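Each structure below is given as C-alpha cells.
In the two complexes that follow, chain A is the common piece, with chain B as its partner first and chain C second.
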Partner chain A sequence: MDAQITIPQSRQDNTFQRLVRTFRVSAWLGWQIEANWADPLVFAIYALIKPLASAAIIVVMYGIITQGDFGQPIFAYIFIGNAFYIYVGQVMSGVSWAVIDDREHYRMLKYVYIAPIHIPTYLLGRGVAKFVFASISVFVTLLAGVLFLQIPLDLLQVDWLLFIVSLAIGVNMLALMGLMLGSIVLLLVNHSFGMGEAVAGALYLFSGAIFPLEVLPEWIRWVGFIMPVTYWLELIRRALLPDIAAGFPTLASLSNGQLLGIMLGLTVFFAVAAFLTFNYCDREARERGYIDRTTNY
Partner chain B sequence: MTLTAKVTKHSGLRLFLMTVFGRAYPRMVGMLRERSWMLWEIILPILGVSAYVFIYRAIGAPEIYIGFVVMGGAMTAFWLNVLWSMSSQLYWEKEMGNLSLYIMAPNSMMGILLGMAVGGLFFAGQRALVITIVGSWIFGVSYEVVSYWQLFAVFMLTMVALYGLGMMTSSLFLLLSREAWHLANLAQEPIYLASGFYFPVKNLTFWVAAGASIIPLTMGMDAMRQLVFPDGSSLGFLSVDIEIAILVGLSVLFVVGAKLMLDYMERLAIREGRLTESKR
Partner chain C sequence: MDLAVKTQDLSRIYKIRGGKKEEAKELVALDHVSVEIKRGELFGLLGPNGAGKTTLIKILTTLLSPTSGVATVGGIDVAKEPHNVRPIINMVSGGESSGYGLLTVRENLWMFAQFYGIPTKVANERIKELLGIVGLGDRDNTKSSDLSTGLRQKMNIVRGFLTDPEVLFLDEPTLGLDVGASRDVRHFVRGWVDENKGDKTLLLTTHYMVEADELCDRVAIINQGRVLACDTPSRLKRNLQRDAIFKLEVSPLNGAGTGSFEKLAGVRQVTHQAQDGQSILEFILEEEDVLGRVVNTMTNQDIHIFNLEKREATLEDVFVDLVGKSMKEVEGDSDS
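Showing the complex of A and B:
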C-alpha cells in the first residue's frame, strides 16, 4: 500500500520564504553558537578585548615612533583602515568558518545537508552574528579613537549616504568571498583551519588597510590594486574623513562614483563566482563523501 | 591451553622517559611526514610580520624596530604552540576521547605533558627559525650578538618557563568545555600587546611591563633583543642579568606549579566526572 504525505497548504511556502526562513534561523543559530557560552558581561568583555588589543598594538607602535603625535593624517589613515578591517576578518572568515565548525567541531553538517534548506543561504546566515560583533567592535574602536587619540571624525562632515552604501556593498562582498572560501574548505583535508586566516592576512597586507600602498615595494604593489578590499577601505575613509583621504594619492584619480562602480562590479563578480564555486565544491564533496568527514587535523 | 606472552614492564625513570618520547614522537614525526604544515605555518606569520614591518616603514621608524618585529613574529610560533597545543591540548584530547586513555594508562601525566612540550618545542622551534631566516632576509635585518652564552641561557630559560606555563594551564583547561576555544583565542592579541611582541615592552610603562612579565616571553624577548641588536640595550626594560634571574624564578614556579595543579585538577575532574564529558 502506498502512503502519501500531504503537507497542508498553510505549511507550504515558496522559494523566497524558504530562503528567508533559512537565513533567519541560521543567523539565530550563529548568534547562539557565538554568544551563549558565557554570561553576557563576560561575553561582552571577550568580544571587545580582542579588537581593542589589535588596535592598541598599532597605536603603541605609532606612539613610540612619533612620540605620541596622533594628530598626523597617516595615523587617522591607519586607524580607520585597521578598525574597518575587523569586518574582513569577522565576516569573510566567519562564513567560511561555519563549514569547519559544523563539520569538524559540532559534526552536524550532514544533518544540515539533509534538512530542506538552501545551503549557501545557511552559510551566509551564519555570518550575520559575526557581522553584528564586528559592528560593535568597529564602533567601540572608533569611539576610543575619537575620545583618546585625536581621530578627527566629525559626524556633521561624514558623507552618510556614501558610508552606508559603501558599507552595505562591502559587507555583502565580504560575505560572498567567505562563501567562496567556505566552498573550498568543503574539499580541503589539511589546513582548512587556516584558510580564512591566510586570505585575511594577505588582504591585510596588500589592501592598504594599515599603510598606503605606496609603502609596498613597487614590484608587488599591483596586488593591492586587484584586491576589492583596497577600494572598499578607500571609500570608507572618503566617507568618514574626506580631508584626510584626499591627502593620500593611492586612488586619488578615481571619483567616488567610479570607486562605487568598481565595488559593485566586484560584488556581482564575487556573487557569480561564489555560487559557481559552491556548486562545484558541493558536488565534489558529496561525491567524495566529505560532508560528514572529521579529520581531527 | 594457556597462552602466555612475555611483556616487558618498565617503571620509574625509564617509564617516564618512554612516556615523554611516546607523546613527543607523533608531533615530531607528524611534522616531518606532513611537510605542507611548514609552508602553511610560515606563510601566515610572514604575512603578519610583513604588515607590521610596513607600518613601521610608513611612519619612518628606525631599522632596529624592523628587527624587533621579525623577532616578535618568530616568537609567536612558541606562544601559539603553547596556547593551542599545550594549554588547550587536554581539552582537545578530551573532545576526541583520548584523555581517558591517558589517565587509564600506567604512566605519568607529567610525562605526557612534558612529551607534548618537547614535541611542540621541536615543531615551533623549526617554524621560528624559518621565520627568522626568511624575515631577516626579506627585510635586511642585521644582528650583532653581545654574548652567545647569555643568549643561549635566555632562550632556554624562556622555553622552560613558557612550556612550564603551558603545562600548568593545560590542567585548568581540563575543566573547561566550549569556553576553552574562546579563552585560547582571547589570549592572542592581548598577549601580543602586553608582552611587546612588536615593540619594546619598556614603552608600556614600568608597572604594565612588570605585570606582563608573568608571561615568560615578555622577559625572554626583551633580553634577547638587548643581546642581538646593536643599541638594543638602550630599549631594554631591565638589565639582562635581572631578566635571567626572573626567568629562572618563573621556570621553577611554573614547572612546580604544573605538577601541583595537574594533581589537583585531575582529582577534581575525576570527582566531578569531567574527563569524558564532551559539551560541544
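Showing the complex of A and C:
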C-alpha cells in the first residue's frame, strides 16, 4: 500500500464550509455571467422589455378571444400564473443551463469538476442570479398588470406570510428540479440545448399556469396533479388574489396548509430524487466520457 | 517507494456509435497500462495524437472511469474515491480557448483559488506573482476573452499552478503556443518542480520530442494505448547509441518507397518524408559500414544524394525504433 498524499493543513475545511464556499463563489460567477454581458443601460432595457413582451403575447391573445373583456377573473388567473411562470423558465432551466454553458461555451466544466467542490451545490449556486433577474421580471410584469390591465392586486389584502413561504419553498423546488435536469443534461450530448425549454414548455401546459386543469381532458389531468408547480401557482394566487383563486375549482377542496404540505412533500421528494439522479448521472457521465465532451452543436 | 501516481493494467475502451442501426464499435484507448511515477518526479508521456495520453490524464484526474485496472493518485483510488483525489491535483490542457471570457484574468484565477479554499489575501499575492512570472503581470484586469490564444493558455497554466497541487497534470501545455511562449512555459514548469524537489509531482503529456527530452526526469513512450518503453531520456537514447543514425537529403523517390532499403541487411529502420521537392530519409543502421550498401542501392536507383549527416540519437529515433514509423507517419495513418 502506497502512502497517501494529504491535503495541506491550511486548506482543510469541513463539509459545511466547503458547501458554503462553493455556493457563494458559484453564485458570484452566475451573477458575473448574467449581469456582465451588456452595457448596464442595454441590460436594463432587456430586463424590462423581455418579461413585458412575454406578458403582452398572452394579453393580446386573451384580448382577441374575449374581445377585450379584461374584467373577468380568468384574466387575472392567467396573468398571475404567467407572471410567476417566469421563475420556472429562469430558475429551473437556468440551473441546468449551467452544465451546457460550462461544458460547451466556456469549456470549463472539466476544471470545475476536478476542483474540490460539491458539484450539485455549484449548479444550484449558478441559479441564484437567475432567481434575482426572474424576480425583477416578475415585479415589472405585475406592476404593468396593476397599472394598465386592472389586475386587482391589493397590497393590503395580500397574505404576505403565505406568499413568502410559498415563494421560498417554490423557488427551492424549482432549483432542485433544475438540478435534476442538469444531471440528465450531463448525459446528453447533442440535444442538451433544448432540454430545459422542453420541460418548461411541458410544465406550462400541465401545471395550470395559463388555464385551470379542468380545461384539460380528464385522462391527462393527473400529470398536473403530480407537478409541484401546480400547487405552487395555486398558493401564489391564493396569497396575492384570494378572491380570484377561490373562483376556480381545481384545488378548492384543499386548505392552504394542505397545499403547503403537499408542496413541501414534493419538494423533499424532488430533493432526494435530484441528488440520486445526480449521483447516477455523474457516475454514468464519467463512464461514458461526457464530462468534457463538446459538440459545437 | 513513495509513489505519486500508479496505474496497474489500466485499460479504457470507448464505444463509438455510428448510424442509428450500426452496432457500437470499440476503440481501445488504453491497453493494460502500468506506470509508476515517483513523488517529486517530472514525468513525461510521449506519443502521437490518439496514442492514449489524454485518456490516461482524464482517468487520473477523475474525469473518466477506467474500463478495467486500477489507478491511484497520492495513494488514493481515482475511481473509488474521486472526491479525495481532487483536493491534491490540478490539470491544464493545451490547445483550447477555455476560460470565462466575461471575467478578467484576475477574477478567473481568484475564483478557482476560492474553489480550492485558498484565502483571498494569499490567492491575490500568488496570482500577482505567477502572472508576473509568465509575463501577464500587466493584463490582470483584462477580460480573458480579449486575450490571444497564447496569453489565455498562459492564464490557464497559472490556474494550474495557483492551487499549489501535490500532483499536477499538464496535457500538451505548449500546444498552439509560439516558440517564445513555449520556451517560457517549459522554463517555468522545470523551475516549479526543481523548487519543490521531492515534493510536487508533474505529469506532462506531449508529442514534442524536444519538450520531453529537455524537461522530463523520465519518459514513457506510448502508442496505440500501450506503453512501449519507460526510462530516463538519456537511457532511452543510450540504447540506440550503438546504432548509427544518418539523415540523407536525396532526390525524390518518385513512388519507389523505402522497401528496397528496408530489405538491406543491417538496416533497422527507415523513415521517409517529402519536403521542398526532396526526400528526407532517416536510417537507423546496426553499424556505420551498412551505409555503403545504402548508398550503392541509391546509386543503382539513380537517386542523387544532396546532403548526408550522421547525428546523435533523439527520442524521435527511440520512437521510430519502437514503433517502426515516425510520429508524423503514425499521426498521418490515424488521420487517413
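Everything below uses one rule, namely that the second predicted complex is superposed on the first by the 285 of 297 C-alpha atoms of A that agree within 3 Å, B and C clash if a C-alpha of one lies under 4 Å from a C-alpha of the other, contacts with A are read in each partner's own complex, and residues count from 1 in each chain.
Assume contacts are C-beta pairs under 8 Å (C-beta built on N, C-alpha and C of every residue); 3 or more make two chains touch, one makes a residue touch a chain.
In this text the structure is predicted, and so the values were computed from the model without any measurement.
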Margin query: Per the contact definition in the header, classify A:Y204: touching chain B only (first), chain C only (second), both, or neither.
Written below: first
Check: In the superposed arrangement, which partner chain does A:I117 touch: chain B (first), chain C (second), both, or neither?
Finding: second
Next item on the list: Go through the superposed model and pick first if A:R286 touches only chain B, second if only chain C, both, or neither.
Entry: second
Note to self: For A:R18, using the defined touch cut-off, is the partner it touches chain B, chain C, both, or neither? Pick first, second, both or neither.
What the structure shows: second
Next item on the list: Determine, under the contact definition given at the top, whether A:I58 touches first (chain B), second (chain C), both, or neither.
Entry: first
Next item on the list: In the overlay, answer first, second, both or neither for which of chain B and chain C A:P40 touches.
Entry: neither
Margin query: Looking at A:Y106, would you say it contacts chain B, chain C, both, or neither? Reply first, second, both or neither.
Written below: both
Check: Which residues form the common part of the chain A surface touched by chain B and by chain C?
Finding: 37, 106-107
Notebook entry, point to check: For chain B, which residues are in contact with chain A within the complex?
Noted result: 34, 36-37, 40, 43-44, 47-48, 50-52, 54-61, 65, 96, 177-179, 182, 185-186, 188-190, 192-193, 197-200, 203-204, 280
Check: Any idea which chain C residues touch chain A in the complex?
Finding: 1-4, 6, 14, 39, 58, 61-65, 72-76, 82-83, 86-91, 93, 96-103, 107, 111-112, 114-118, 159, 164, 166-167
Margin query: For the complex, give me every residue of chain A touching chain C.
Written below: 1-8, 11-13, 17-18, 21-22, 24-25, 28-29, 32-33, 36-37, 106-108, 110-117, 283, 286-287, 289, 291-292
Next item on the list: In the complex, go through chain A and note every residue touching chain B.
Entry: 37-38, 46, 49-50, 53-54, 56-58, 60-66, 74, 78, 105-107, 190-191, 194, 197-198, 201-202, 204-205, 210-212, 215-216, 296
